Amino acid sequence: MLEPLEEKTYILNLGPQHPSTHGVLRVVLEMEGEFIVKADPDIGYGHRGHEHMAENRNYLQFLPNMGRVDYLHALAFNHGYCMAVEKLIGLEVPERAEFIRVITAELNRIASHLLWVGAYLLDLGAFTPFLYCFDDRENILDLLDRITGSRLTYCFYRFGGVPQDIDQEFIDGCRAFAKRLRRRWKDYDNLVTKNIIFIERTKGIGVITKEQCRLYGLTGPMARGSGIPYDIRKSEPYSAYPLFDFEIPIGENGDIMDRYLVRMREMEQSLRIIEQALDKLPNGPIMAEKVPKRIKPAAGEVYAAVETARGEFGCYIVSQGDVKPYRIKLRVPSFANLSILPEISRDTLVADFVAILGSIDVVVPEIDR
Amino acid sequence: MTIFGSDLFRMIVGLIGVIALVSVNALFLIWMERKVAAHMQLRPGPMEVGWHGSIQTVADALKLLGKELITPAEVDRPVYLLAPIVIFLPVLVSFLVIPFAPNLIIRDMNVGVLLILAFAALTVLAILMAGWASNNKYSAFGAIRSVAQNVAYEIPLLITVMSVILMVGSFRLTDIVAAQERYWFILIQPLAFILYITCATAETNRAPFDLPEAESELVAGFHTEYSGMRFALFFLAEYTNMFIVSALATIFFLGGWRGPFLPGWAWFFIKVYAMIFLIMWFRWTFPRVRFDQLITFAWKILIPLAFANLLLTAFLMKIF
Amino acid sequence: MLSENIKKALGPLGLEKVAPGDYAKTGYHLEVAAAPNQMPAVAQVMRDQGCFLESLTALHFREHFTLVYHFAHYEELCRTVVKAVLPLGQQAPTISHIYPGANWYEREVYDLFGIRFTGHPDLRRILLPFEADFHPLLKQFEEEAEKSETKADA
Amino acid sequence: MEIPEALYDFSYVLVFLVAAALFAVGPLILAYFIAPRSFGKTRDETYECGMPILSSAWVQVAVIYYLFALLFLAFDVDVLFLFPVLLAYGKGYIWRDLVEITIFIGILSLVIVYAWCRGVFTWKRKPENL
Amino acid sequence: MIKIGLLEEALNLARANSLWPMTFGLACCAIEMMAAGAARFDLDRFGAGVFRPSPRQCDLMIVAGTISKKMAPAVVRLWEQMPAPKWVIAMGNCAISGGPFYYPTQYAIVPGADLIIPVDVYVPGCPPRPEGLIEGILMLEEKITKRGRLRKFRDVK
């Protein structure tokens, strides 16, 4: 008699060094054949102790860290942290500074989404769109480079405003870029969105229901792809966003395709915001007048949320009247977004799993902090 | 004795010629692939090593030669060591029967098509050996996928080739070219040509059917554990296989060496490299299909279409 | 109004404090204080009201931990903060059976503070290596006393 | 004595096979001699994304592959019968060979139809009705 | 094993002109590494654009980002699994010295890749620009050949 094999399942490590885990995410997969029985994400390979660091530095010293939590949408994290501290010490930001913040943050959001589209198609095996996206992204980086002085890990916003004003060249550059990107979308549509293989790979895969979104606390394009119109820019307006007219694109089915389309349409909305902001750009100071040299807020706490490219970033600061924060909790979107992975990847194929993982748009150092 | 003497001569010259062709072709194809990819991606590609990076692949080959060969501890040693050699065997033999020009053929066998098809199956075996012996999950995946994929696409490939042979009535490759004197077969068998290209792309594990080495899923697929020269042999075999399937496409559908003005061999190579360019174009344009889609595509669509094409050919031959 | 509904629903639980918050200053619409044992009930109420768990974290004080839960709602702007004071060395009940998303948050709190959650299905370390033997975000109160304020300011 | 032509063919194939093997082995031997050596405890460990391996790769593969293997076997053997037909086709008989080839392919096609109906081509983790 | 002067020199020249890096990003710097491989900067010009996912087929490990204590064993294992000859570039301040994340009570990171694996070239920056990485690769090539590239990269004015 033939003996049946003892166990039909086996364990496969996906990551931390794997082309499709976007850095150092590790997923331990229990597999049966090509099917996934159980997926257990093991995070922490990018843990750098930001929150511990916050307790050992003063408020200003912690500011550069924000560009390195989520390096793809660094300016939103700058924004969230600055907002929280400004709320804590009761600082008013001049209008022009808010406009500049919005413009740069939206540019950064487009850059982040472009990188996602490219990297995601790389996961699906298409290499060329990746380079197209990077080519477009370089244009944004050029613009931001002129203003902020760095390409990636920006530390641009200050408590009470921004340190550098934008000039005409930047404004012209933004408009030219908007024109260019709109043209490029036609290419993307033909190359990707209408591609039959892409549609087959993404339609109906990795479906997340509205209820699942709520139970796992998903935000950003993950929730919007499932049809939840939750965007902090609209639902909890901050900065200069209430002054602009834009829509929140949402999906219907909550599958990968919807998440892809939501992100693509969001780029269009971001362009709209940038153009409106450039049109309405007020004159005035870019820095609040009475910014204290030494930031020492009274005891208390504050929670400020902004919308990053991946979802809601909440900055929770507890102060005990010291120059150093007592505790800073960074509520990062990808942490919650990734926690749904075991649930939606059950009984999928490896190829689908890679596609689902990519659609979450994880930035590992952001999850691990 | 004289026949044997001339045969021996033909054999040796042919052997040297084929080895030279295989090496130069692989070096050229890899360079071409990188340049084609680069220009499709708005970048220059290799530029600094030689004129437009023309000796880049020579540097790569030399480097791989000077690279350590690691044999992991857990592998099935004999099979692991044999796999890169086995994958190389069919590559050279297939060149025996390919007519590059009217008289430029090493041995015009009457079973030419069968010889190539039979030895092509050895590639699958080598991939299975490599993947399974590596004792690496990614490799094993790649190997199993590769076998499933190759067997699924071998049937439509066979049937498609049959509809060409049906019209010629011979397995001899020179006969097939000779039969295309008035018109190329692509004109009367367009469906067969499309089917053949699809299957050939899959048989050579090229994108969008490159699942055995799907980078984003399986790291490097069946050759994940192979380093240095062993890996180079897999690479060499892959690119030479690309040449062979393109050469067959040229012979079956594009009239072989036929063409005006230029000598036969020139036309042959122009057509072959045009076909290779087409396959490269696929690779740098399409995303990868999912594995179950790949297999069911072969069974649900390609095989019925190939059958229909064969019957149609048989029927039309009776009418005309 | 959602905050009124939540207030009404939380009423029967007999919580320590249910008060409107100062949104402009703290970003909260509703501030709630509860005992750790009441947390599952509170979470159930929040879930029934359609809220999602925004974040879960802890604060380490000299005498006790404070668990901080943030809840928000997709359609209506209403952020509720629930604070539960947990004496040192005690365990808190999990809410991961109500909000599966809390699973990872509780693991993170366990990892960083060493707070154990009773009834948690899979309480392992999440960020630090499994073999780590410390909880990094615990304050070192003795050391802190030595450091002068000016030194940190520099 | 007349040497059959097929024997010449075989000699070509044999010589090329040997040459191919030598051509493949040569660089490997050369590489063995000129390449430097690395060191390290985990050098010979199986690669799995930088982690120690948790289980062997030699496990039972998904059952669906066996189904496809059987299907292929049946098909490939039958398709091989068509090869002689190709050479004989159109020589002599007017319509008989067309009818025969149609019947043969028709029966083969029924196999696909049957497998399709039974759900062989839908991938599920556990095929139910097979 | 056998060393012949001329052969060795030819091999070194080939190695320098065909440095295949591993697809291996740790944090922020990985994005700049990707940018260096992408359209504008194009590492492939120097033959260093073939990113191989498996360490068995790589020559160059670019440590791009912070090495956390949890990740350190994996980095070492991957480095050991690369076949000789192999090189390491420490890209960014984190990989050089822990960068902005190093302070006395830091518990999570390894302050510098050279504490766990031998590093050949250090590329400073937080993150370094892609030009910086290219410069680092060119320096590594000089180090390998002790001479420079096959064709000296012209200075960009």
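Which chain is which? They are A, B, C, D and E, in the order written, and residues in each are numbered from 1.
Simple rule for what comes next: a contact is a pair of C-beta atoms (placed from the backbone, for glycine too) under 8 Å apart; a residue touches a chain by one contact, two chains touch by 3 or more.
It should be emphasised that the depicted structure is a prediction, and the values quoted were computed from it without experimental measurement.
Common neighbours of chain B and chain E, by the contact definition above: A, D.
The largest tally of C-beta contacts between two chains is found for B-D.
Measuring from the averaged C-alpha position of chain A to that of chain B gives a distance of 43 Å.
Spacing of chain D relative to chain E, judged by their CA centroids, is 40 angstrom. Chain A and chain E have CA centres that are 28 Å apart.
As a whole-number value, the distance joining the C-alpha centres of chain A and chain C reads 24 Å. Multi-chain contact residues of chain D, defined as those touching 2 or more other chains: 32, 34-38, 43, 45, 47-51, 53, 56-57, 61, 65, 123.
Touching of two or more other chains is recorded for residues 11, 38-40, 53-56, 70, 74, 78, 81, 83-85, 107-108 of chain E. The residues of chain B that reach two or more other chains are 41-43, 65-70, 137, 215, 219, 224-225, 228, 292, listed in rising order. Applying the touch definition to all chain combinations yields A-B, A-C, A-D, A-E, B-D, B-E, C-E, D-E. Looking at the complex, you find that chain A touches chain E at residues 16-19, 22-24, 44-49, 52-53, 56, 64-65, 68, 71-72, 115, 130-132, 134-135, 137-138, 141, 151-153, 364-365, 368. On chain E, the positions that touch chain D within their shared complex are 1-2, 7, 11, 54-56, 74-86. Chain E meets chain B in the complex at residues 10-11, 13-15, 17-18, 38-40, 42, 44-47, 49-50, 52-54, 56-57, 59, 81, 83-85, 149-151, 153.
By the touch criterion stated above, chain C contacts chain E in their complex at residues 128-129, 134, 136. Within the complex formed with chain C, the chain A residues making contact are 43-44, 47, 49, 51-52, 55, 58, 87, 90, 213-218, 223, 228-230, 235-236, 294, 300-305, 312, 314, 316, 318, 322-324, 326-327, 329, 331, 335-336, 339-340, 343, 368-369.
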